[in-house]
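Two complexes follow with chain A in common, the first pairing it with chain B and the second with chain C.
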Partner chain A sequence: MKINIPTPLRAYTGGQQTVSIPGATVGEALEALTGAYPELRQHLYSGEGKLRSFVNLYLNDDDIRYLPQKEATPVEESDELSIIPSIAGGCCRRLQILLGMRKFVTISDRSKIICN
Partner chain B sequence: MRVKDSEMATTTLPGIELPKLCNDEISRYSRHLILPEVGMEGQQKLKAAKVLCVGTGGLGAPLALYLAAAGVGTIGLVDFDTVDASNLQRQIIHSTATVGKLKVDSAEIMLKGLNPYLNVVKHNTMLTSANALDIFKDYDIIADGTDNFQTRYLVNDACVLTGKPNVYGSIFRFEGQASVFATKDAPCYRCLYPEPPPPGLVPSCAEGGVLGILPGLVGIIQATEVIKLILGIGESLAGRLLLVDALTMKFRTLKLRKNPDCPICGTHPTVTALIDYDQFCGIQKPTSVGPLEVAQNKAVADAPLVDGIPQISVQELKRRIDAHEDVFVLDVREPHEAQIVNIGAPLIPLGELPKRLDELAAQKDQDIVIHCKSGGRSQKAAQLLKNAGFPHVENLAGGILAWADKIDPTLPKY
Partner chain C sequence: MLHLTYSGYAALRAHGEETYPHECCGVLLGNSTPEGNQVRQIVRAGNTRTDRAHDRYNIAPEELLRIQRQARQLGLDIVGFYHSHPDCPAQWSQTDFAEAHWVGCSYVITRVDQGKAAVTNSFLLTGTDEEDKKFLDEPIEIEVNELQIEQEKGQA
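== the complex of A and B ==
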C-alpha cells in the first residue's frame, strides 16, 4: 500500500514523499515502514512502542484512532496511509525579547518540528 | 463530521440591529452586494463582526488584509514583535518603510490604508494565560496565525473556554494545514493533537525556512473560513483538516472527530482554566542570562558553561585567530547555508556528525570551536563531540550571526 510521508519526515525516507510498503494491516505496514526506514521509528514511536500523540495516522481519510480495529484494521493494496504530524509554523521567526536592561536576546524557537 | 451551515453564523443575535452602510461603503463593497450569498445583510454582518488575528506575521498578514478588504468592522491584532527586513519575504502587510516599527502599528497603516472604515484594535503584547480570556471576550471569532505550539494550545483552550470559533492555520516549509476548531459540536485542536511534540525531539536545523507564498495561501484559506462563518454560508472546515502541499499543489481533506475524552471540550473536561503552556510543551522559560543569547552591547562572558560546554564569544574567537592560536573551527550548518555566508570553516552538518567523527580524528586534541547560525545546533554538536571523547570543545555563542554583527559587518545575515 502507499504511505504518504510528511515533509518533516522525508529526510528519513531519502526524500521520498510516498513509499510502497507491504502489509495486511495498518500495524504490519507501519512495522514494515520502520523496518525499511529505521530512523523513522523514534519519530513515530515513543520508547514504550506507542505511537506518538502528536502524530496522527489516517487510513485513506479516516483517523485510525476512530476505526474499530485501530492498527489491526486490514488494508487493501489500493488503500493509502498518511502520517500527519502536528506543525506550528506561522511565520518561522526567531523569538526576540526586549529585556529590562535594553539587551536584545535571540532565542531559537525549539518548539517547532523542524527536520534536517 | 460536518457542522451544519445554520450553526455557523455567530455574529448576529436576534433583535440586534445590524450597522448601516453609507453610500461610499455600498460603492466599495458592490461586488459583494451583488452576490446573492452576501447581499446587504451579509455585508452588514461583516461590518458588525469583530475578529481577532493572533499574530501579524506570515499567516496574519494576508488574513488581516483580506478581512479588511471584505469589510469586517473590527479587527484586533495581537503581536509583540517589530518588523524586520527578513519578514518582508512573506509578511505583505508590512513594508520597507515600516522596518523597525511595532508590527501592530505597521499592520494598522496598511489596513487603514486599504479600508478606512475599519476599526483596528492593537494588542501589543504576547498572548498569555493571564490575558487571553480578557482579550478574547471582545471578539466573535479568533484566527490563529501564531508560530509555536504553546500559543496554539493557549488559543485553542481560550477559544473553547470562551465559546469562540478558532480558525486555525499552520505551515511548515511547503505544507500547510487549516481547520476550524471549537465551534459547537466540532472538534478542537486538542482532539486532533492531544499533546505537543517535546522540544528537541526532532533534530533541529533551527531555522527551517519557508517558501514565502505558503503562509499567503494558508492565510487566505483562514480568511475565507472567517468570512464564511460570519456570513453563515458554505460548508466550513469544522470537522475537517485541510492539507495543502504547495510543491505538488495537492489539497486533501481528512475527517476530524470530536474526542469525547478531550480534556477541554470532551464530556468530562479536566482542563477548566488556562494552564502553563510552556510547561505543557516542555519549554524552559528564558532567563535573563539565557544559554544562547547574543547581547547587543557587550560580549557574552567567555566560558560560562552551558550543559558542560564552554561558550566562547565571537570577540574571543577573533582574538585567538588573530594571535594564530591553534584553534580549529567547525561549521555544523547545512551546505545551502554555507553558500549564503561562511567564515571559511570546514563544514559537517549536525545531522551527519555522528557518522563522520573519524574525519575529525586529527583534531582530537586541538581546541575545537563549533559554530552554526546562531548557537543552537553548535551547542548540540559540541555535546556530541564531548560525549565522543573530544576533550577541548567550545560553542561559539551567537553563531555566524553574531560574527556578522560584531566582527565583520560586511557579511550578510539571514
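== the complex of A and C ==
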C-alpha cells in the first residue's frame, strides 16, 4: 500500500513524500514502515508504544480510530494511508483583574495578559 | 526566511479581520527551499473550536488531509500554517507551542486589534522531536509589485 508522509517526517524517509509498504492490515503496514524507516517510530509512537495523540492516521478517507477494526483493518494494495499531525493553538487570554484581587497587584495593574 | 507574495500576505491578514473576534486559521502551500519556505498558495481552513473560537483554533484533520491532497496535485507541500490572535500579541503562546508538531514549517500569527489586522509575525518550528522542538523568530519577505506599492500608499 501507499503511505503518504507529511512534510515534517520526510527527513526520516529519505525525503520521500510517498512510500510503498507491504502489509495485510493497517497495523502490519505501520510495522513495516517503522521497520524500513526506524527513526519514524519515536515520532509516531510514545515510549509506551501507543500512537501519539497528535498523530492522525487516515486509511483513504477514514480516520482509523473510527474504523471498527482500527489498526487490524485489512488493506489492499491500492489503499492509501495518510499520516496527518494535528494543527491547533490559540492566543493569550486577557483576564480582567477583579476588584477583590487588587491586594495581589498594584493599582495600575487593571488588567493582565496571561499566556496559556 | 518566509517568502510570501503580497496578495498572500494580504489574504491571510484579511481572513483574520473577517473572523474577528474569533481566530482564523489556514494552511500555507509552497516549497521548502534552502532560502526558506516559499509560499505559493494560501488555503483557508475552518476553525473547529467553536466552543472558544475567540482564543483557540483547530483545523480538522480531515480538512488537512484534503488540503494535503490538493497540495500534492499542485506539486506543492504544506510549508506552514497561519492563525490570528484577536486583541492579543502576534507572538506564539504556550498553547501554540504545545500544539505545534510540524517541524520545518512556518507558523504565521497576525494580531487583530478591534477587527483591524496589526502586526504579522512568523515563527519557524525547529528541532528533531517533541522534547527539543522550539520556535525561532523568522523574518518574512514579501514580494510586491509597483501597483501594490501604490495601493499601500493609498491606504496609508
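What we mean here is this: the second predicted complex is superposed on the first by the 86 of 116 C-alpha atoms of A that agree within 3 Å, B and C clash if a C-alpha of one lies under 4 Å from a C-alpha of the other, contacts with A are read in each partner's own complex, and residues count from 1 in each chain.
Going forward, a contact is a pair of C-beta atoms (placed from the backbone, for glycine too) under 8 Å apart; a residue touches a chain by one contact, two chains touch by 3 or more.
Being a predicted model, the structure only gives us computed values, none of them experimental.
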Which partner does A:T7 reach: the first (chain B), the second (chain C), both, or neither? both
Compare chain B and chain C by how many residues of chain A each one touches, and report the one with more. B
Tell me which partner A:S86 touches in the superposition: chain B (first), chain C (second), both or neither. both
Looking at A:S53 after the superposition, I want to know if it touches chain B, chain C, both of them or none. Which is it: first, second, both, neither? first
After superposition on the shared chain, which partner residues are touched by A:Y66: those of chain B (first), chain C (second), both, or neither? first
Could you pull out which residues of chain A sit against chain B in one structure and against chain C in the other? 6-8, 11, 17, 42-43, 52, 54, 56, 58, 61, 63, 82, 84-94, 113, 115-116
Per the touch rule, the chain C residues reaching chain A in their complex are 23, 25, 27, 32, 49, 52, 55-59, 61-62, 64-65, 68, 72, 77-79, 81, 83-89, 92-96, 99-105, 107, 109, 129-130
Partner chain B, residues of chain A touching it in the complex: 6-8, 11, 17, 42-43, 52-54, 56, 58, 61-63, 66, 82, 84-97, 99, 101-116
Seen from chain A, its contact residues with chain C in the complex are 4, 6-8, 11, 17, 42-43, 52, 54, 56, 58, 61, 63, 82, 84-94, 113, 115-116
Per the contact definition, I'd like the list of chain B residues that touch chain A in the complex. 55, 57-60, 81-82, 84, 86-87, 90-91, 144-150, 152, 169-175, 177, 192-197, 199-210, 215, 241, 243, 248, 252-257, 281, 283, 286, 288, 290, 292-297, 334, 349-351, 374-376, 398, 401
